[in-house]
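Listed below are the structures to be examined.
What follows is chain A paired twice: with chain B in the first complex and chain C in the second.
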Partner chain A sequence: MPGRLGRMLLTVLFVAFVLFLYGPTLTIIVLSFQGENGGLTFPMNGVSVHWFGRLFEQQAVGDFGASISRSLLLAAMVTATTVVVSLAAGMAFRRRFPGSAWLFYLTIASLILPSLLVGLGIGLAFNRAEIDTNWWSSAFGAQLTWTLPFGLLIMLAVFNRFDRAWEEAARDLGASPWKSFWHVVLPIVAPSVIGIALFGFTLSFDEFARTLLTAGVDNTLPLEILGMTTTVTTPVLYALGTASTALSFAVIGVALLALWRAKARREAR
Partner chain B sequence: MRGAVTSWLLAAPLALVLAVFLVVPLFVLVVVSFYDYDSVRLIPDFVFTNYIEVFGSMVTWRTYAKTFSFAATVWVITLLIGFWIAYYLAFVIEGTGKRTLLFLICTIPFWTSNLIRMIAWVPFLGRNGLLNRALVGSGAIDQPLEFLLFSDFAVILAFVHLYTLFMVVPIFNTMMRIDRRLIEAAVDAGAGFWRVLWHVILPLCKPGIAIGSIFVIVLVMGDFATVRLMSGGQSASVGLMISNQISLLQYPAAAANAVVLLAVVLMMVAAILRVVDIRKEL
Partner chain C sequence: MRDVELVAVTKRYGSALAVDGIDLAIPEGSYTCLLGPSGCGKTSTLRMIAGHEMVSEGEILLAGRNVTTLPPAQRGTAMMFQSYALFPHLSARDNVAFGLRMRGVAKAERLRRADEFLDLVHLGPLADRLPAQLSGGQQQRVALARALITEPRVLLLDEPLSALDPFLRAKMREELKRLQRELGISFIHVTHSQEEAMALADLAVVMDHGRIVQAAPPRQIFERPASAFVARFIGGHNVLARGAQAISIRTDRCRLDDGAEGPRHHGHVRAVEYLGAAMRIVVVAEDGTEAEAMLPDSTPPIALGEAATLTWNAADEHALAA
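So, the complex of A and B:
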C-alpha cells in the first residue's frame, strides 16, 4: 500500500480529476445567467434569465419546445422498450440455448461498433427500402441498438448473483412460471430494472451520433444543440445546455426519490 | 426442448431489434459501398471505384494516421489517469459508504450530454477564456495562447474529459474483486509498493484495462463531433471524413469508407482480445 506521501498525491490527483470533470459544466451553468449584453466568456455582464427566455422565441434558436418534447417522448419510448426487452433477454440468458452465444456477440457488437456507422447503415437501409426516416421509427431503433447492450449486460450481472432457491421454493409451493416471475423474481431484481431504466433514459436523451442520420426532418434536442454549435454565438447555447442538464437531472432525481420511498415503505412493513 | 423454446421466445425481441437495426443495415452498408453514384442519386451496381478511391487517396492515409495518433494519445492519457483514480477508489479509500459516494461523484457527469460537456470548454480555452486570463494576469505569458481552443490540443482534452470514466469503471470493477489477502501475502513476503503493483495488482486488472481500452479506442476511432467541434474544422478524423461525404450526399463513398473503418476497428478490438482474455469478466 502507498505510503503517506503516495496517499496525499493520489488524493490531490482525485480532487483535480473531480474539478476537471465538473469545472467546465459548472462554468457554463453560471454563464447561462449572463446579462443581456454579455458574451460567451467571462466577465459576467450582470445577471439575468434573458437567455432562457430566448429559448422559447421561435426564430431565435430553432424549435426548442418541439425538440425537447420530442426528445422526452423518444426517451420514454426507448426506456420502456429497453427495460422490457432486456429483462426478457436476461431471463432467456439464464440458461444456454441454441444460438445464445451468437446473440450475445451480436449484442456486444452493437455496443462497440462506431455509432456513426450504425446510423449511416440504418439511414441507407431505410432509403433503399423507400421508407422515410423518422425520430419515432428509425431513430427509435437506432437508439435501441445503443441502450439494449447496456440493459442486457446489467441483467446478466444481476442474474449471475441471483439465488435460484427462492424461485424453486415458489415452484414447489405450486406457483406457475409466470406467477413465480411476477411475485418472486421481479421484486428481487426490481432495483436493477430501475437502474436499466435510468441508463436507458439518459443514453437516449443525450444520444446524437446514431440519431443524426436516422431522425429524418424533425430534430431531437441533442441534434438541435449540435446544429446550434456552429451557428449560435450567444449565451443562449449555454442556456440550452443548462436547461437540458437540469431536465435530465430532474428526471433521474424523481426516479431515485421514488425508488428510495418504495424501499422505505417496504422496510416499514 | 420446452426450455429452449421459452428461451427463444424471451430472447426473440432482442434478436429482432438487432436483426432489423444492426444486421440488415450493416449488410446494406456493404452493398451500397459497391454502388455507383452521381450528384443526385445512387446507381445500383457492383463497382470497386469507391474502394479504389479510398485506398488511392493520400487524404485517407493521412486521416487514418491522424485518427490513430488521437486514439493512441487519448488511450495513454485516459489509462494513466483512469488507473490511478480507480486505484485511489479501490485501495486508498476505506469504507464502503465513502467509496460509493466518491464513485458516484465520478459518474454523475456521465448523465450530462457529451455535446454540452464539449461546449463547456469554450469559456475556458477561448482567446479571452479563463485560462488565458489567468495566465496573462499572473504574468506567465504576454500574449493569450492561441492553440488552446480549436486545435488538436482541445480535441485531446475533450476526449480525455469525456472518456476517462470509461477507463475508471471497468478497472475499478476488477480491482474491487482482487482478494485483499493476495496483497497482504505479497507485503508479508517483503514486496514493496511498486512490486505489489506490478506483480499482483496490474496482472489481475488486465481484463478491466482491456475493456476500458476497447471503449476508449472505439469511441475515439469512430468520433466525428468532438473533432469537428473542438478543432473548429482544422483537424481531421476518419469519422469526420465520412460525415463530410454524407453531407455531400456521396453515400457510396461514405459507405466504402465506413466499411474500411469497421474492419480497422474490429481488428483493433480483436488484437486487444488476443492479448487479454476478458471472458471471465462477462
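So, the complex of A and C:
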C-alpha cells in the first residue's frame, strides 16, 4: 500500500491524465453550444444549438452532408470487409499452411509501416497505373491495410482460446462443416466479431493519414474537417466535432445494447 | 457379432508412430477400458474409432461394417470429450437436442426427447441452465446425455472422470456402468487410472508405446500380468528377478517373515504408510531392489530403517514374459 503522500500524488497524476485525455474534447463540445454571435474561442457568448442547425445548411466552404455520407458508407464497407476477412483468416490461421508464417508477417507489416507512406504508396501506384484515386477504391484499400491486421490479431487471440473439441463435438453430432460454423463457431465468437466491427468502424470513420493521399477528389469527413479548419471561422466546426463524437458513441451504444439484449434473451430461455 | 474390430490399425503423425498396427475385437454390449500411460496411443485409438483422426493404415469395423473412411456421424459412434465440449451459448436442453436438430427433427419433438435424456442422467430440473451455470459433474451428465441422444451403438469416452473430485468420480463410475448395462450398448473408455479400469471394464486393454501389451478381463490381468510393464502399471505387484526370469508377486500376498517355508526378500524398511484397512511397507534390499507389502492393519508397528524380511508362498509367484 502506498503511503498518504504517494496516494495523493497518484490521485493528482490520474486527474491530470483524465483531463489531458478528455479536456480537449470537452472544450470542443462546450464551445459547440456557443451563442449565435459567439466566436471560435472562449468566452461563451450565450448558449444555443444554433451551430448544429447550421450543419445542415449550405456552407460557404466545404460540404458536411456529402462528406459524412461518404465517410459512413466507407466505414460500413471497411467494417463489413474487415469482419468477413478477419474471421475467415482467423479460422484459416488455426492450422499451418504453406506460406502461413509469411502471410502473417506481411499482414502485420502493414500495421507497422508509417501510415502516411502506405497512403502515399497506394496513391502513387494508382497514379502510375493511370487509375483515378477515389474514396471507394484506393482509400478503401488504404484503410483496410489498417483495419485488417487489427481484426486478424483479435481473431488470432480469440481462436487461441477456442476449444477445437466444440467443432469436433458438432461434427460428431452430425453437423456439416457449414452448420458447425453457423450453429457453434459463430455464436461463440460473436462478441469478438462485434468488437472487430466496432473497431473497424471507428478506425475507418476518423482515419486520416492513409486516406489523405488516396481519397481523390471527394473528401471523407476527416479530410473535409482538415480543409475547413483553415478557412471556416465559425463554431459550426465544433458542432460537427460534437455531432461526429456523438455518432461514434451512438454506434458503440447500439452494439452494446444489442449484445446485452442477446444475452438477456438467452438467459430468459 | 462384434461391436468394434480394429485390424492392424496404425497411426502416424509425420514420422512419429502413435499407434503401431493394433488388432482388437470388442464384443457386443461390453465395457472396454483403454488403459496406459500418457502417450501410449490410447486416445489416438479412441479418436480413430470416432472418426476424428484418420487411420494411417489398417481398418476399423463397426458391427461388421467397414467405417474406416466414414465421417464421425455416419459411424454409429458418439463421443464424450474430455473437456465435455458443451456449447457455451446453448442451454443444457439445447445442447442435448443438438444432435437431433442436425438431423432435422422437429423442434417440439427434439426438445421432448432432450428432456427424456436429461431425466436419464437426473438433470431434468436444470434443463434451462447454461453450461457455465452447472458444476463439473453436472456438465458431464449433460455431455453424456448429448452423446447418448443420437442412439449410438458404441459410446466413446475420453478420460471422462479425470476432471472430477474423488468422491464424485466414484459415484460417476457407478453411473457409467449402470447406463452401459441399461442401454446395452458398448462403452469404450480411455483412462490412465488402473483403478478405474479395474472397476468398470469387462475388457481391459493395456497399451504401451502404441501397442497393445495385454487385452483381457481385469481379473485375468491382475492375476496373470503378461509382462513386467503390465505388472508395474496396474500396481499391487512386486516385480523381482529369479535368475534370468522376471516374476511378479502381488503385494497383498507378501507378509512379514513368520518362519514358514517360502521365498524371501531381506532389507530395511524405507516407508510405512497406514492406509486404514491395510498398512503398506516398502522394504529395500542391500542391492537396491524394492518390494512392498500390503499388511493387515493389525500388524504391530514397524519403525523406519528397521531390518525386515518379506516372505510369500512360492505358488503365488507369477512368471513374466521377458
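The rule we apply is simple: the second predicted complex is superposed on the first by the 259 of 269 C-alpha atoms of A that agree within 3 Å, B and C clash if a C-alpha of one lies under 4 Å from a C-alpha of the other, contacts with A are read in each partner's own complex, and residues count from 1 in each chain.
Keep in mind that, in the parts below, a residue touches a chain if its C-beta (ideal position, glycine included) is under 8 Å from a C-beta of that chain, and two chains touch if they have at least 3 such contacts.
All of these numbers come straight from a predicted model, not from anything done at the bench.
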Review point. When the two structures are superposed on chain A, do chain B and chain C clash or fit side by side?
Key: fit
Review point. Touching A:K179, do we find chain B (first), chain C (second), both, or neither?
Key: second
Check your understanding: Can A:T234 be said to touch chain B (first), chain C (second), both, or neither?
Key -> neither
Review point. Now for A:S48: first (chain B), second (chain C), both, or neither, which partner does it touch?
Key: neither
Check your understanding: More residues of chain A in touch with chain C or with chain B?
Key -> B
Review point. Should A:S137 be classified as contacting the first partner (chain B), the second (chain C), both, or neither?
Key: neither
Check your understanding: When the two structures are overlaid on chain A, which partner does A:F97 contact: first (chain B), second (chain C), both, or neither?
Key -> first
Practice item. Give me, in Å and rounded to a whole number, the least C-alpha distance separating chain B from chain C in the superposition. Key: 13
Check your understanding: Which of the residues in chain A come into contact with chain C in the complex?
Key -> 163, 165-166, 168-175, 179, 183-184, 187-188, 266-267, 269
**Study point:** chain B contact footprint on chain A (complex, rising order)
**Key:** 1-3, 6-7, 10-11, 13-14, 17-18, 20-25, 27-28, 31, 40-42, 84-86, 88-89, 91-93, 95, 97-100, 103, 106-107, 109-110, 112-118, 120-122, 124-125, 127-128, 141-142, 144-145, 148, 152, 156, 177, 202, 205-206, 208-209, 213, 222, 225-226, 229, 237-238, 241, 244-245, 248-249, 252
Check your understanding: Can you list the residues on chain B that touch chain A in the complex?
Key -> 3-4, 6-11, 13-15, 17-18, 20-26, 28-29, 32, 42, 81, 84-85, 87-89, 91-92, 102, 105-106, 109-124, 126, 128-130, 133, 161, 164, 183, 187, 193, 196, 214-215, 218, 221-225, 229, 239, 242-243, 246, 251, 254-255, 258, 261-262, 265, 269, 282
Review point. In their shared complex, at which residues does chain C touch chain A?
Key: 50, 52, 71-73, 77-79, 81-83, 85-89, 91, 98-99, 101-103, 128, 130, 146-147, 150
